[in-house]
């Protein structure tokens, strides 16, 4: 049967998968994908709490709404940055985008 | 999704409406094309298509090619399930139906992308990309218009929206929403004049050019089910659904749905196919701002007449 | 009904956006927008006449007692209808006035935006909303005054208008803050709190009203604002914006009862006379009208202070029609002669007799000649002031003055010697339409006194035979003064020409003391503090010299070593900043994990 | 939704979600990666539904479809080998990334299982749409307005960033 720890554990594993993508991938868009998965895990956490701890908390649902908005914002800004960087240096590989090196 | 609202007969009913509707739409297509509606021709061509061998694109992502018609069919049937047919006869009655319906339609887009990409031919990929551009541009007006229409009912449940129209159909209260809705639904079931992914004259058949046999038949079936779904939703949201004098409710709904479907087919037959760039720029620059106006108008009407 | 309230304030704003977005059809869209926007305002007036009272708003800060909203009552209904009607007339007129102006869309949009702010001001429910719209009105007005890019006086005029009213607005802020801290609410209709806070409320509101309504000694901005386009002067600086000060007094009448209203009455009475003197001395038609506006607004102050809101409101409405008409016909003359100087306009009235006829009707009304509108309203003001002899006398002098200062430009305009038969140019029809409407209104509004009093819930307006007779005598005296060219003492004339030395007065009372204070501070700084600092500095030099050799020997070497070590450490740390996104991300995750561990352990122990 | 129904939908869905999510980073074809991510996040919508969050689940399904299709679009545009024909490796620092990710994932999962969560279940249904609507348009309106402004700025800023050229004309 499903219970709160189970949902949270699933979310934790999903977070780890996203983290692996964000750390291990060379392409900026793949990194964004990893971040999206991590945010998805965060949402799953909230939904789990919503179901098993405090079902009538509208603020929890509201928090998920905000995270969804955040995902869209993150993707939009991320893509714009990728387009901009690609135009300047003809690549979206983050290993080659090291202008910020100190 | 809650168990109480889905009866055991629901899958049967939805599938029945889907298949029956698809057949009737097939007849309507024959009528619009100027032919006499003939069952033999309809089922004959379907039968012939089924006996054709499948085409198997020789690329790594070829499995997407065969997955696409299935996803398309799933999306179409799911969309159909959220349409309220009659007081005692409805598919899945969600309190979030007005989000669920566009959500189901949204999966048409990845399906067509999969079709084009999986075919592994340049023209098919370009056709799929054009389709993506078009649908991304039209997805927002579609969702926003549903918001505007839901406002008077104060509910996202399609049944409530039908009931709030018992006196005046929404088409009269919110004409702007209807004007924005019609091109969006024409685009979503890739009907003419928005049939870029599959028009014969464009890109040599576009995204579906490689489909043969069962795959092609499934795509055609899905498209017709989509048409039934969007026509039904149009009738429910704008034409007062099953409300009407004398006739029984279900009959009213069927008449309205088929009328809308016929009108859409007929209009598509006669309108010229515009350039994709013009359609996309029109959708972003005109339809999207207008959709915001439509929401404001819907809110205003709600305040004045429905509260 | 709440919808109507929001529409009244919102439609002009929408219109402004539309007009700005489509410059090519600006005159047409602006006229339509002003007309459509006026409909809900008139509907509100009708509803208020039927006894409807509405409030529509929302809680701004939950639990804070700060509500923002709009309200419909007698006062706001009368004001909103006035504003909408004058606005419509002026926008129609502007469609003609700006016919040849390339930036006309901007001007028309500005007028509509101003209308939106003004409607919000008169419909606002509570001082918070009122204050917000009050500021918006100020901004919109400054933008419109500065509209002309050719006139070097436009931008300074706008700055002066904005700064003067802003300075007076500080009074409003103080009043609002004091009111809130005393009562915890900013709703209308409260009584003035006792004590020092109450005094601040009363004084602050009166000062704010004085600034907005250009009452002495803050009247100079109105003259400077005449650099704006003439329709702007007609709308803002005669009929609506300057009336906001009077509106504030009327709206706050319960708060101001007692000495604050007396202060306002005295200010008004003195300004009425001073403004008339200023108007008589000016050589520019628009400045004459500006002086006249100041004077008439002073009369409204007296009316509110002595007779209650209804008296002031009636005069406000009658004056709005008349003064808007005067400005609008002045604009027609200005278009034909390209100037507003009286000498340049000599005989312009003969060139355009229709416009002059309208000018005449409006002038007669403002000069209080029976049976025109402002005659009746001014009579109520005088009758109300009768209880206070000093005010009564000042009002009568102002009445004589108004007849004189309006007769003088009328004579110049009608002077046959200067007639030229010059063409007015494009756009004459809408301009005449606007002017004609105000002239008709100046006649018809004579009968609205009783209905307005009824709307505000007051039984009747004060009347008295004595004041009626004396007013007529005063008007006659004013006419006689001009016709006989009575010599004025040159010092008085000079004083009037330079705005009764208001600038100098402000200079003397505000600027000079400030300068003196800063000069004194400067002296104290140089004599006292500088000398001390110098001495300390000299002592420090001695100490420094003696330390110098210690430093070179021992400390320098240590510092150099440290610097070298820090540099090496920096090189090491530099490797952390690799410019690689994923390494940053990894460090962020490790940091978050560390924080999580610390939190967990703190929670456990 | 009964506990049995929840379990029947939850377990297959989560399994599929985790598998598709992990495969996003194992495939070398961009189109496949994007579609797998769409599948993972879309299935997450089903998981929401199974956890009785009807509104959030349906919304997740709607939002993710649009967002991930855009993602696919960009991937195909900006990847050196979108079809994955050469099977090139797109990872770096693979071992350390995997170690860290596994540590975090397992750590979180273990923490979730071992923690003594309050076992207070008040009902089985999530807040209905109407309640969420009142939340969004009431108590949390300022927050939501802020989010709306943020997404608007992100859209405008994104378009500006991605646009050819700037205020001084085209740059190419």
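Which chain is which? They are A, B, C and D, in the order written, and residues in each are numbered from 1.
The rule is short, and it goes like this: a contact is a pair of C-beta atoms (placed from the backbone, for glycine too) under 8 Å apart; a residue touches a chain by one contact, two chains touch by 3 or more.
All of these numbers come straight from a predicted model, not from anything done at the bench.
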| note | In the contact graph of chains, the distance from chain A to chain D in steps is 1
| query | Taking contacts as defined above, which has more of them, B-D or C-D? | reply | B-D
| request: Let me have the rounded angstrom distance from the C-alpha centre of chain B over to the C-alpha centre of chain C, please. | output: 57
| said: Nearest whole angstrom, what separates the Cα centre of chain B from the Cα centre of chain D? | reply: 26
| said: Could you work out how far the Cα centre of chain A sits from that of chain B, in whole Å? | reply: 32
| task | Mind checking the centre-to-centre distance between chain C and chain D? Centres are C-alpha means, answer in whole Å. | result | 54
| Residues of chain A whose C-beta touches two or more other chains | 19, 23-25, 28, 95
| query | Counting only residues that touch at least 2 other chains, which ones in chain D make the list? | reply | 52, 55, 59, 70, 92-93, 96-97, 100, 104, 107, 125
| query | Could you say which residues in chain B touch two or more other chains, in rising order? | reply | none
| note | Residue positions on chain B within touch of chain D in the complex are 1-3, 59-61, 64, 94-96, 99-100, 102-103, 106-107, 109-110, 113-114, 117, 129, 132, 135-136, 139, 143, 155-156
| note | Residue positions on chain D within touch of chain C in the complex are 92-93, 96-97, 100, 104, 107
| request: State the interface residues of chain A toward chain C in the complex, per the touch definition above. | output: 19, 22-25, 28, 31, 94-95, 97-102
| task | Under the touch definition given earlier, write down the residues of chain D that touch chain B in their complex. | result | 1-2, 5, 29, 31-32, 35, 38, 42, 49, 52, 54-55, 57-59, 61-62, 65-66, 68-70, 72-73, 76, 83-85, 125, 128-130
| remark: chain A partner, complex, touching residues on chain C are 574, 577-582, 585-586, 589
